[in-house]
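So, here's a batch of structures to check.
In what comes next, chain A is part of two complexes: it sits with chain B in the first one and with chain C in the second one.
Then we have the complex of A and B:
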């Protein structure tokens, strides 16, 4: 099966591979997919006080299209507000990478991953707010 | 060293130059291009002579009489003819067949068709080794079982079934025994009489002959009857009509002649190369051989690199031509049904690579492959969340995955 040049580029030179400290209150972690389906994506974002994503890292188990989708997504979300990042659609990822129909699920997984990471960050932030401030 | 390196000899092989050299002489105006069925002139006689010499060479490799060889378009047609032909002919005697879940699709899909026609088929589970347990096979036999079909060598994992033991048991129970030998002819010794095989499917292109030709061995003593699937001029004693492709038959015959002469020496060479590959990879963590390593043809190594997805590994290994048990390229996202039948978990089934080594493989190619695989597996693991979790001591089987 032939891959597009963009998929090959992201696959050969993946951007932002790695991990952030998942216990850091400013880090949101999203893990989606399942080994049984042949792909698992872990996407992490680090959010600053202005609500802007200042760093993003990924690790992906899956085919070349899955790796490229997550790599591209980390590039796109950096510097975006959480609101902007939430609005990224899988169709935009699929179009940018020229994914064939059988690989569309890879872009869906990437969209799920950023949404899961944002939800995780927001849950952490909400938990912090509800905690009594004078804990010390 | 020429690249990409071909390590997919179980998919197909190049035609041996000695075979190609013989074939072209049966095509052109200067050659023996006649119809082997033409009885009225020398063009036909010469073509027939060539076809019969080829038939004898095919028969010799499996210990058969040339009269027991029926030419087909390949092993798929041979499987179809054997299963449908026997099931239909003996349909009044019984309507039950037994096979295994790891058979080639040419057998499995033909069985599905027979089920649609009202036959009953039992699909046995193989052992974790990939081989069928004889006692379980015997337990599946019924008084109305007419045919047992078990492959000699599995196409994905290369394991060799003890078909002599199967043949003896099936014969004693009064059923017929068919074996798909597409992956074993020329690689493992075959003697249809010693092994009590009644029908045997053969292919040319797996053993350095041309694509588009195969054969079905059909026992004459005691006589096995078949209902023809292809009707026409009554060629091949009525079992398979159609003008014989002389050059294809000649190619298969020559390929089988060479295989018979060179099999012992070639197997030794292939085994050394296979072991060189295996020893180059075995010390990596979380690498698993799929299927029994001892009861296996010399040229096959099927391994799973845990926590790396097969299709992405194949993409990383673009300099070598291998195949993956992971069928992520299809819309189904199903991993290899063969590996699943062995009881491999999903991660391992998705992580498998089949290396098959052949006549033109060199030690240099194996060494290059070892270096490349080690490098790319390490790279992909560094970006695998599953590898990260494994390193942290997480039990992946206990994780609640959000499937999609």
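Then we have the complex of A and C:
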């Protein structure tokens, strides 16, 4: 199967590969997997006090489309508010990368990963709020 | 013969729809059925019968491929029970399991560059084989006791291990 130029570009020069400290209270980690192909994806975001994503990193073990989907997504979410990032749809990723129908699930994986990362960050933030400030 | 087309894979082989299968018995049944349905036997028969023999042979081959592979057999059994694995749509998995898979894939990627890649790959292959065997054991019990949602989770995890196993095969071929 032929990959689109955009997939190849992200596959050969993936953006924002790496990891953030998952114990940092400002970091949200999303971990998802696609049993269909055995792909595993970890996507992390660092959120500042204004609720803006200031950094995003990913690590994906999978096919070129899965790597490209997560790479593109980290580019997109940087500088976005959590609300804006939540509204990104897998179809936008698939369209941007010109993914063929059999690879649509790779973009689903990326969308689910950012949603999971945001949910993780929000759970941490909520736990912090419920805890008295002097407890730490 | 017409009715055979509507049988499920287990029925086609005259087996109960259960996960535990004796591979030798399955293979013997396959050979016997393949011989009886072989298109050569129908060369002198009218067109519809010849077509049917071709269709059934194709279905028999597909059924055999599915039933002899534990992961595919498990998935098929669950589909008969109305359970879909959601392999492309449901990406939520146990985070600890995914973390483990990530580490395993990392180890695989590093094995290529280490001093003795063959030995390292053999170690990893053993480790995966052991995990797969344990999952298979769990799966058999879950399917037998009709714990379908647990069986679904186990099967989904087995697919990741299977993927790593295939990757080791490919790496070993590269090194050969």
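Simple rule for what comes next: the second predicted complex is superposed on the first by the 131 of 136 C-alpha atoms of A that agree within 3 Å, B and C clash if a C-alpha of one lies under 4 Å from a C-alpha of the other, contacts with A are read in each partner's own complex, and residues count from 1 in each chain.
Just so it is clear, contacts are C-beta pairs under 8 Å (C-beta built on N, C-alpha and C of every residue); 3 or more make two chains touch, one makes a residue touch a chain.
Keep in mind it's a predicted model, so treat the numbers as computed, not measured.
Legend: residue contacts after superposition of the two complexes on their common chain; A:64 is shown touching chain B, with no touch to chain C.
By the touch criterion defined above, A:37 reaches both chain B and chain C.
Judged by the touch definition given at the top, the superposed model places A:108 against both chain B and chain C.
Measured by the number of chain A residues touched, the leading partner among chain B and chain C is B. Judged by the touch definition given at the top, the superposed model places A:17 against chain B, while chain C stays out of reach.
When both complexes are overlaid on chain A, the residue A:2 reaches neither chain B nor chain C. In the three-chain superposition model, chain A touches both chain B and chain C at residues 31-38, 40, 42, 59, 61, 105, 108-109, 112. Within the complex formed with chain A, the residues of chain C that make contact are 85-93, 95, 98-99, 101-102, 105-106, 109, 155-157, 159-160, 162-164. Residues 307-309, 311-312, 315, 326, 328-331, 333, 335, 345-347, 350, 382-388, 396, 401-404 of chain B touch chain A in their complex. Within the complex formed with chain C, the chain A residues making contact are 31-38, 40, 42, 59, 61, 104-105, 108-109, 112-113, 116.
Contacts from chain A toward chain B in the complex involve residues 1, 3, 11, 14, 17, 19, 31-42, 58-64, 66-67, 101-102, 105, 108-109, 112.
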